[in-house]
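Two complexes are shown next, each including subunit A; its partner changes from subunit B in the first to subunit C in the second.
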Partner chain A sequence: MALRIVKNPHLHFILFGVILALLPTVGRGMGMKTSTLQTLGFMLIYAIVALGLNLLLGYSGLISLGTAGFMGLGAYLAAYFQDDLKLGFWLAVLAALVIPILIGLVVGVISLRIRSIYLAIATLCISEILLKTFEQLEWFTRGTAGKQSRYPTIFGAQLDRNAVFIVIVIALVIVMMLTYNMVHGQMGRALHAMRSSEVAAQAMGVNILKYKLFAFSVATMYAGLGGALYLFFLRSSYPTTWSLFMSLTMIAVVVVGGLRSIYGTVLGAFVIYAVPELFLKKLPVIGGIAGLPYIFSGVLIILVIMFFPNGLKGLADIARNLVVRLRARTAAKEVAA
Partner chain B sequence: MDLFVQPLLRSLETGSVYALAALGIIIVWRTSLVMHFAQGSMGMFSGTAVAFALNRYGLPLWQAVLVGVVVAVFLGFAVDFVIIRRLKRATSVGKEIITLGLIMVFLGLAPIIFGTDPMLLPKAIPSGDFNVGGATITYNGVANILVGVAIAAGLYVVLQKTKIGLAVRATASNDQTARLMGIPTRTVTLFSWATAGVLGMLAAVMIAPTTTVTPTFMNSVQVTALFACVLGGFQTFYGPVLAAYIIAVSSNFLKLYVSTVWGDQIMFGLILLFLLLRPNGLIGKTYMKKV
Partner chain C sequence: MTGALKDGEILSVEHLSISFGGLKALDDVSFSIREKEIFGLIGPNGAGKTTVFNCVTQFYTPDAGAVWFRYDPERLRHHRRTASPDSAGAPQTEVIDLVGKKTHTIIRYGLVRTFQNVEVIPELSLIDNVLIGAHVDFRATMVEQILRLPRAREEEKAYRDKALKALEFMGLGPLSDQLAGGQPYGVLKKLEMARTLMAEPTLIILDEPAAGLNDNETEDLAATIRRVRDEYQCAILLVEHDMRLVMNVCERICAISFGKFLALGTPAQIQQDKLVQEAYLGEQE
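Coming up: the complex of A and B.
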């Protein structure tokens, strides 16, 4: 019984969340800079968005290049509902979740009926359209001048930076649990079947289009949520943030972290977002180069696909296998002795 | 009359740019089965090399373009030789993600090698214009249209009438059988990447005078070229070229007569709707997937 509780993955997620939530208080005691906390917050937002993309890419093998667009949409919707319409935090989040899904569904229904790769092209196009919209729809986004916002008020309490960080952690834990349940439920079995052979899955009565659409909607929803959190954390949004590069970074997070791995995705977010921000920029000589994070992520994507198709999770598996094998060998030696 | 011929000529000019970029994507797709998302960024990189040679070393444009050709061919060779060729086991999605990684690499490399200042690239023919039925078109515009059409036609002839073209088409239709027939498919693929690189560079050089040379100046070309491939269908080499001109013309007319701001958005929406009716594009054959 006790073992079952210890092995419960949901408890692990909550424990993981508690540790993360303690970071601002513990970190301040240990002299952590505010900028480090900021970086970690954005890293967790990246992890949330990448988890959705991981479901899409890892299980249905679909690429979405519209992540940045949907994130931006989520961010601007949250700002519009919270600051312009004064509807409060919850409605702002709800809008940031629902409206991107609706747009995503329309795009998905059209492009997924044809061929998988068309989703990538269609979402790339939607992302460019949204980016242009962000630049030109002044009443909604304030154009290139940037939309300013403020920390949200939840249940009458005015949040500050640390509180928003904890909100992000809570959102991440919920998203991790949701993803875990989806993957291990009936949905997950269908997705697994599709991954090994679409034709076989179809023959077993799995509606491919339905599940692909579902995976894409989840990815869009997480992107919208990530966008809203991004806005609440940074308190502003500029169109330049939501460029193709953001979408590519998300794909890098998924690929480097390892397909179909929940903790791997968080680790991927750390490697792709936090490592350049916290470490690479401080390196002498090459640290000052503006394009360095781009090259870092790009080269990592290529290397991972070429040599470690399972990403960081794959590396962890290899290490675990080694340990198991070593143990078996020493055990065998002991028996022989 | 003026409101019809003038935008038509302007569209043919940009259509050539899209057609060249789309041709690069389709050649890579046909020979390596990779959706080449980095076509725009590689074109951007070698295009920036042209601008760099011109601005920094004061080379005349034609010599700078030669430098660009060398850079583009080298990049194409390098990408295929170092990465794509070694990916025999990777899935097609993996290969596509690789080209996405390439976008990031070139986006990051360009400012490091060529500096962060935006550069300008002059027109090939600086001044002078024709008068066609009340509308004017610059000599440079005519040159762009001619170059686009000539290259598309030239490639068509090479692909359909020569032995090299036969090798490319054989590789495109079935890589394994082609190899059994003694076609050096690896060399074919290698040169396809190089050709795609040169086409991307030319597209960059042609579009550059209308904007400034920055790491993102080819983004819209990339998106439009991909859409030209989708609209034209991935099965033929001339479909995307035709689609590129159609997209350029309809984009310009939508901007002129419907909305300057939302013209492109409306057009992309229309293309998506069109795909509902004809999923394989204008000149698409039915796509069969083997179990």
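Coming up: the complex of A and C.
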């Protein structure tokens, strides 16, 4: 029984969440700066969005360069429903989930016809259309002046920065658990089959249309959720945020963290987003270079693709194998002695 | 409706024709397979064997002709999540023309195939690869699975046990948790067979299973094919180049050449057949 609890992955996610949720309180006691908490919050949002992209890129073998557009859509929808329509936190979140799903379904249908680089171009175009819309549709987004928002109120309680951080942690834990369930079981195997060979997947009864729609709608839903959380945490949204660079950063998170790995994705978000913000910018001389994060993630992507195709998760596997092998060797020596 | 199939037949291909551009890949090909029969489809390179195969499994839609298949309607009720009527007595079978059905629905009738180039997923363990064969059998909905509700958990466990049995039947039990990537070719071929067994097929179509195997492995394969038929009580359609394997295991053989039907009979009859000899060896001077 005890072993079963130790091995239950869902409990691991919850434990992981509890540790993260304690950060604001514990951190303040240890003199953590507000800006550090801000960076960690954004990092967790990146992890949520990148988990959706990993479902596409890692499991289903589908590419999307449109992540930023869907995130932006989620952010503006959340702001519109919360601040303009005054419909409250829950309806704002619901809108930021449901409307991106509908767009995701459209992209899913497109992906039936086109593949690889062409799919990347098509999704990039959708994202750019959304970006232009954000700039022009002033009643909805306030255009380039930026949409201002405020911390949400949940069940009558006005949240502050720390409370929104905890909301982000809860969202991340839920997303990790749902993603885990999606990829371990019949649906995950169907996605694997689809990536490996659509022809073989169909022969095994996998409905390609259904699973492409599923993968894209989950990815856009996570992006929409990430966008809404981004808005609640930053309390503003500008069109420039939702550019191609954001989409590319998400791909970097997935590739560096590890395709088809849930914890790897969170680790990827840490390395790609938090490490430059928290550490690199404080280094002498090179810390002052503008665009240092771009250089950092670019170099990392090249290194990972060349030497560790499974990303940081692959590194962890290599380390684990070493330990297992060392243990086996020690055991063999003991037997010999 | 069972008029299209004689009693004891599981599949009947009737007047199958298909052209690609101006080329007639199949021209009026007909044959039928009996239940629990090991049936061979042979022909020289480019004869249209694989095209027949793809027309049966609906990867291609033939220009003309029919593919009659006998199935147990109980299976479809399971897949459509509808309750079965209280019908007493012997199990009823129905006959359907597969032409025009969607590719991914074919497995539901009990017809499964393997691939010439072995289509397994290298990133998954052997047992997870086999579980893909049970994809259409899952009754838990997506929501039940995403929330991991009891029915989804129970089903996963039940099919996992079944998959382990299929792996053990193919002699791969000890490897069940290893990744498929990097396994020897012979293991992957067996893995693909184990995957077809998950669907409880009534007809398995093997696409050149001996390709890439050495003599010993081919002999082993012949024994395996017989064992599968005896244990799972299904018909097997073998599309094969390796004459020794075909002559060794098939009860009846259909030969085609340049998209046309040549002959149908026992291995001995086929070996004696003038047309078949000409097709393989060229016309006698």
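Here is the rule we go by: the second predicted complex is superposed on the first by the 333 of 337 C-alpha atoms of A that agree within 3 Å, B and C clash if a C-alpha of one lies under 4 Å from a C-alpha of the other, contacts with A are read in each partner's own complex, and residues count from 1 in each chain.
One rule holds in what follows: contacts are C-beta pairs under 8 Å (C-beta built on N, C-alpha and C of every residue); 3 or more make two chains touch, one makes a residue touch a chain.
Remember, predicted model here, so these are calculated numbers, not experimental data.
With the C-alpha superposition on subunit A as described, subunit C and subunit B fit side by side in the combined arrangement.
In the superposition on chain A, A:Met187 makes contact with subunit C only, not with subunit B. Of the two partner chains placed by superposition, only subunit C is touched by A:Leu178; subunit B is not.
Of the two partner chains placed around the shared chain by superposition, neither subunit B nor subunit C is touched by A:Arg327. Applying the stated contact rule after C-alpha superposition, one finds that A:Ile121 touches subunit B and leaves subunit C untouched.
When the two structures are aligned on the shared chain, A:Arg28 is found in touch with neither subunit B nor subunit C.
Contacts of A:Val199 after superposition on the shared chain: both subunit B and subunit C are touched. Counting the residues of subunit A that each partner touches, subunit B and subunit C differ, and the larger count belongs to B. Seen from the C-alpha centre of subunit A, the directions to the centres of subunit B and subunit C diverge by 80°, a value given as a multiple of 10 for the model superposed on chain A. Least inter-chain distance for subunit B and subunit C in the combined superposition, rounded to the nearest angstrom, is 7, based on C-alpha atoms. Residues 197, 199 of subunit A lie in contact with subunit B in one complex and with subunit C in the other.
Subunit B contributes residues 35, 37, 83, 86-87, 90-94, 96-98, 100-112, 116, 216, 219-220, 223, 226-227, 230, 261, 264-265, 268, 272-273, 275-276, 279-280, 287, 289, 291 to its touches with subunit A in the complex.
Contacts from subunit C toward subunit A in the complex involve residues 57, 59, 102-108, 112-113, 115, 119-124, 128, 131-136, 138, 140, 142, 145-148, 152, 155-156, 195, 199.
Put simply, subunit A touches subunit B in their complex at residues 57, 61, 63, 65, 107, 110-111, 113-115, 117-118, 120-122, 124-125, 128-129, 132-133, 136, 197, 199, 243-245, 248, 251-252, 255, 289-302, 305-306, 309. Listed in rising order, the residues of subunit A touching subunit C in the complex are 178, 181-182, 185-187, 189-190, 192-193, 195-197, 199-208, 214, 260.
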